[in-house]
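Take a look at the structures listed below.
Each of the next two complexes has chain A plus one more chain, namely chain B in the first and chain C in the second.
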Partner chain A sequence: MYKAILYKEWLKIRWMVLGYLIILLGFLTYIGLDTRYWFEMNDPIQVWLVVIQRKILYYTAIKYIPVFAAIVLAIVQFVPEMVKKRYRLSFHLPIGETHSLLFMIAIGVAVMLITSAIYLLGLTLIGMTFFPAEVTRSSLITVAPWLLAGIVTYLGATAVTVDPSWKYRIVYILLFAPFIQSLFLEGGYGEYQFSFGTYLLISLIFSIMVLFPGYRLRKGSKL
Partner chain B sequence: MITKISRYAIVSLIVISLSILLPDLYWMIFGKPIIKPSIYYSPVIEEFMIATRTGNNKKEYSDQKGNSYDRKSFETLLPFSFYYNLEKWGILPDSIKGIPMKRTYIRHNSQYLRITNRAMNTPLISLNPLFESESDFTRLEMPGELFRIDQKFEFITASDNTVDDSLSCIFNGALLDQDFQFPAKIIAGNPTTRKPFDEGYFIVDAQNTVFHLKKIKGQPHCVKTDIPPDLNIRAIFISEHPRKEFYGVIVTWTNEVCLITYDNYKILQLPVEGYRADDMQLLLSVNPLYQMIRYSDMKEMKSVVIDNNYKIVDKYASSWTPKEEWKSSKIASVLFPFSIERTTRSSDYVQFKVKFNGHLSWIGILFALLATFICKRFVYREKLRTNWIDFIIVFGTGIFGAITVLLIRPEPWD
Partner chain C sequence: MENVIECVNLTHSYGNKLIYKDLNFTVQKGKIFGILGKNGMGKTTTINILMGFLRPTSGKCIILGEESHNLSPQTRARIGLLHEGHVCYEFMTVSQVEKFYSQFFPNWKKELYYGLIDRLNVAYDHKIARMSCGQRSQVVLGLIMAQDPELMILDDYSMGLDAGYRMLFIDYLIDYVRENNKTVFMTSHIIQDLEKIIDDAIIMGYQKILLQMPISQFMGSFHQYHFRVDGQLPSFGIDELVSNYENIKNNYILYSFKSPEEVKGYLNKKGVSFAEFGEASMTLEQAFIGLTGKY
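Up next is the complex of A and B:
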C-alpha cells in the first residue's frame, strides 16, 4: 500500500522536484560564478575581509529558495487531492487516514531534506574553493535556519492546503508567518548559533500539524 | 486522540506567533525612543555639564547644579570638547590649567574608546590580518594573508586559499619559544589599516596567559606579558593612539575594566562600579587634563572623571524613567502575559527568549478566561467538558491563547 502511495506522490511531484533541482543548481552555479567574479575583480584579501569583518553573506541569493520550493511542493502534492475532493477516496483505502497523511508528508519532508543536503553540499564546495574553512563552516551554520524554514513552511503549507475552510486557511497563513519570519532575522553570519536548537524543537510541533486539517476534511467541517 | 493533539500543536504555534506579533505591533504604536543625556565635565567650573535632547528636537543645556545655559555659553565651558567652535568664535583661551589650548595639541591628546555590549555579543570568525608594524612606508598596508591560531599558528594566503607553510612555521616557532599553549582563546587586535600605526594582537592562550604578537620587518615579535592569567578575561579591545598611554582595554567576566598600559603591560583598573558588560555601553574619553568614563544602560548613566594619575576627580549619576515604569508598559503587562524576544539592541545573536510581564498579567488572564468562557458557552455553544484543555491554555497564555482557541475551534471528536 505504501509503495502505491509513494508512486502516486512521485507522479504528482516529479516535475516540481526536477524543476527545483534545476533552479537550485542554477542558483548555486550563479553564487559560485559571482564569488569568482568578486575575486577576479578585487584583491582576494579584501573579499575575505568583507565577508569576515563586514559580514556580507555571499550566499543570500538562495536565502528564500527553500521557502518558495516548500510552498510549491505542498501545492503540487495536495491541491490535486483537494480538487473535487479526490482525497476523500483515500478514506476507503485499507490504511488509516492518519498514516496515509503522515506518509505523504514524510515524502515531502524527505524531498526537502534531500534538496537541503544538495544545498549544503553546493555551499560547502563554493566555500572550500574560495574561502578558509572557518568561513565555509560559518556559511553552513548561517543557512541552517533558512533550510529549517523550508521544512516548516512545507508543513504549514500542507495544513493550509488540506484544510477545507478558507477562514482557517487565512488564519494559518497569517499566524504561521511570524514564526517562519523568525528564521530570517540574521544580519550577519552565525547569529542563530545559540537559539537554533530552540527553533528546531519548536519546529517539531509542525510535524503532526496536518492531521487536524485532515480530520476536518474527513468530517467535512465547514466552520 | 492524535488529531486532538494535532489541534493543540496548531494552537501552540499560533500562540507563539501571536506572542511575537501582538507585542511587536503594540510597541510599533506606543514605543518611544529613550533619549540619553550627553554628559561632559567642565575643566573651567569643575562641574559636570548636561545636554539633554527634548521631544521637539531641541536641546537643553545645564550644569550639575541645575543652572541652565544657552548653547554658546555651554560650549565655552567645555573647551576640550568644542575647541573648534571656540576657535571660530575667537574665544579659545591660550591655556587652561597650564595646558596649551592649541587645536593640534588638543586633537593629539584626545582619545575615545567605546565598548558596546553588542561588540561583546557578536559572532566573529577568528581570522585576522597581521600588519607590518615597522614598515618603511607611512601608511599601513593590508597583507596578502590572514592568520588563525588553532592547534598551531597558520597563515592562509588569500590569492590561492592555501596555508603558507614557511611563514606559518616561523610564527608558530616564535609563539612556542614563549611557551604559548595552543589553541588561542582570544585574539584581539584592531584589524584595519585606518589607524595611525599598528600594535599587532593580544592573544590569550589556553592557559590564560596573554601574549603580544606583532610583525616587525616580516619577522615575529612575541612578548609573553605579565598580565595575570587569573584576570578572567572576557574580551580585549585594542585602539592604537599616538598618545601611547594604553594599548587597549580588557573587560573581565566579573565586569572589571582595565587598561593595558605601555608601561610594560601594567594593568590599571578603571573605577567602573556597577558596570555590566552585557547590558551597558561604555565610553572612555580622554582629553589633555582628564579622562572621563561614561557607562549607561536603558535606565541610568554613570560618569566618572579621573585625572591623568587615574585618581577619581568627580562622579555623577543620572537616571530616567525606565521603560518598565512607563504607563504603556503597564498596559502591555495587563494585555500580554509574556512576549517573545528575538532580537535585542545588546546582542547580534538571534534569541528565542520568553519575557514574562509580572503579576499585572493576571488581570488580562482573568479577562481572557472570562471572554473565552462566554464565547464558547453562549456564542459557539461548545461542549466545555470535552475541551477543558482550552481553558488551561488560556490560563497559561492569556490573550494569545484566547484568540487562538476561539479561532481554531475544537471539532466534534470521534
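Up next is the complex of A and C:
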C-alpha cells in the first residue's frame, strides 16, 4: 500500500523534483565556476581577505532556493489533493488516514533531505577544491540553517495548503514565517553553530503541528 | 434481512442551522437504496456522514457494523465510494490509476475495469484530466467495480453526464449490482433515472424524512387526483389525507396516499363542489414533486 502511495506522490512531484535538481546543480556549478573565476582574476590573498575578513559568503546564491523549492513542492504535492476535495479519495483508502498523510509528508521531507545532501556534497567539493578544510566545514555549518528552513517551509506550506480554513492558514503563516525568517539572520560564517540544535528541536515541534490540519480535514472542519 | 447501513436518531446542524433531526433509516443487504430530496434538504450532508467525512451532531450511522465516522481500513476496503463530480486522480493516466488502486484491494478485478475502459476507445496512457466528464464517470465506475466492494455509495452519479453516458452508467451498474448481489446507496438529481434502479427510497423534506418505503409501494400507493371546482376555491391543509396540492384557477391537482373514494369523501365533507374528478398516472419524478412540492 505504501508503495502505491509512493507511486502516486512520485507521479505528482517527478517533474518538479527534476526541475529542482537541474536548478540546484546549475547553482552549484555556478558557485564553483564563480569561485574559480575569483581565484583566476584576483590575487589569492585578495580572495582570502574578501572571504574571511570581510565575511563575504561565496555561496549566498543558493540561500533562498530551498525555501522557494519547498513552497513549490508542497503546492505540487498537496494542491491536487485539495482541488475538488480529492483528499477524500486518500481518506477512503484502506490505510490509516494519519499514516497515509504522514507518509505523504515523509516523501516531501525526504525530497528536501536528499536535495539538502546534494547541496552539502556540492559545497564540500567546491570548498575542498579552493579552500582549506576549516572554510569548507564552516560553509556547511552556515548553510545548514538555510536547508533546515527549506524543510520547515515545506511543513508550513503543507499545513497552509491542507487546512480547509483560511483562519487557520493565517495562524500557520504567523507561526512558521518568523521561525523561518530567524534561520536567515546570519552575518558571517557558522553563526548558528551553537544554536542549531535548538532550532532543530523547534523544527521537530513544527513537524508535529502539520498533522493538525490533516486531522481537521478528516473530521470535516470548515471553521 | 441483514442491515448494511443503520442510521439512528441522526441529527446534524451547521452552527445554528439545523439540517435535520432524528433521522432513522436502514438499508438492507442486496438492496439499491435511493435518497431523494430537493436542494438543501440534507442529501449531501447524509452522504458525507455515511462516507465518514462528517461527524453528525448527534445520533450515529452504523455501516457494515462500524460507526461511519470511525471506519477501520478493513471496512473501508468493503465500501466503494463515488464522489460527486466523479472525483478521481486526474493527474494519472487510465493505466496509472488502475495500477495505483489495485495495490489496495486484494480482490481487485482488473478485467472489469479494462472491460469498461475498452468500450470508451481511449488509450491506456490517456490522462484522465483530458477526458470528458462522461468518460471520467466510466473510469470511476470501473475502479469501483474492480474493487469488488460489498457496499457502493454513489453521490449524484449523474452530475455532468449527458443522456447517453447516464444510460451507460446505469446499465453497467444494474448489471453489476444484480449479478453480484451488491448493496447500493445512491443519490441523483435526475430522479427519472432512479425509477428503474432503486428498490427502496427515502424522500427527505425540510429537516425530516417524508417517507421511507420500497419504491414500488410508493408508486402504487401515492396518487395524483385532478378535479375542477365550481364555486368558491377551497384551500387545503397538508394533513394525513392531503400530501400536497396545487391549483391553477379552478383546476386542482391533489396528491394523496388515500383512495379515490376517501378523497372524494373528504372533499364532500369540506363542502367542495367538484366535477371531472379523475386520477392521473405519474412518473417517479412527478410523484416526488407531488410529495415535496415544486418550491
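Basically, the second predicted complex is superposed on the first by the 223 of 223 C-alpha atoms of A that agree within 3 Å, B and C clash if a C-alpha of one lies under 4 Å from a C-alpha of the other, contacts with A are read in each partner's own complex, and residues count from 1 in each chain.
Here is the rule we go by: a residue touches a chain if its C-beta (ideal position, glycine included) is under 8 Å from a C-beta of that chain, and two chains touch if they have at least 3 such contacts.
All figures in this text were calculated on a predicted structure; none of them were measured in a lab.
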| item | value |
| --- | --- |
| Simultaneous placement of chain C and chain B on chain A, clash or fit | fit |
| Which superposed partner A:Val171 touches (first chain B, second chain C, both, neither) | first |
| First, second, both or neither for A:Leu57, with chain B first and chain C second | neither |
| Partner contacting more residues of chain A (chain B vs chain C) | B |
| First, second, both or neither for A:Ile118, with chain B first and chain C second | neither |
| Contacts of A:Tyr199 with chain B and chain C, given as first, second, both or neither | first |
| First, second, both or neither for A:Lys3, with chain B first and chain C second | second |
| Partner chain(s) touched by A:Val135 [first = chain B, second = chain C, both, neither] | first |
| First (chain B), second (chain C), both or neither touched by A:Ser182 | first |
| Chain B, chain C and vertex chain A (Cα centres) - angle in steps of 10° | 140 |
| Which superposed partner A:Ile23 touches (first chain B, second chain C, both, neither) | neither |
| Minimum C-alpha separation between chain B and chain C after superposing on chain A, in Å | 8 |
| Intersection of the chain A residues that touch chain B with those that touch chain C | 219 |
| Partner chain B, residues of chain A touching it in the complex | 43-49, 52-53, 98, 129-132, 134-135, 138, 145, 159, 168, 171-172, 175-179, 182, 185-195, 198-199, 202, 205-206, 208-212, 214-216, 219, 221, 223 |
| List of chain A residues in touch with chain C within their complex | 1, 3-4, 7-8, 11-12, 80, 84-86, 88-89, 91-96, 218-220 |
| Touching residues (chain side chain C, partner chain A) in the complex | 48, 51-55, 69, 73-74, 76-77, 79, 81, 83, 85, 87-92, 96, 99-101, 103-105 |
| Contact set on chain B toward chain A in their complex | 2-3, 5-7, 9-10, 12-14, 16-18, 20-21, 122-123, 125-127, 129, 142-146, 148, 156, 158-159, 161, 191, 342-343, 348-352, 404, 407-409, 411-412 |
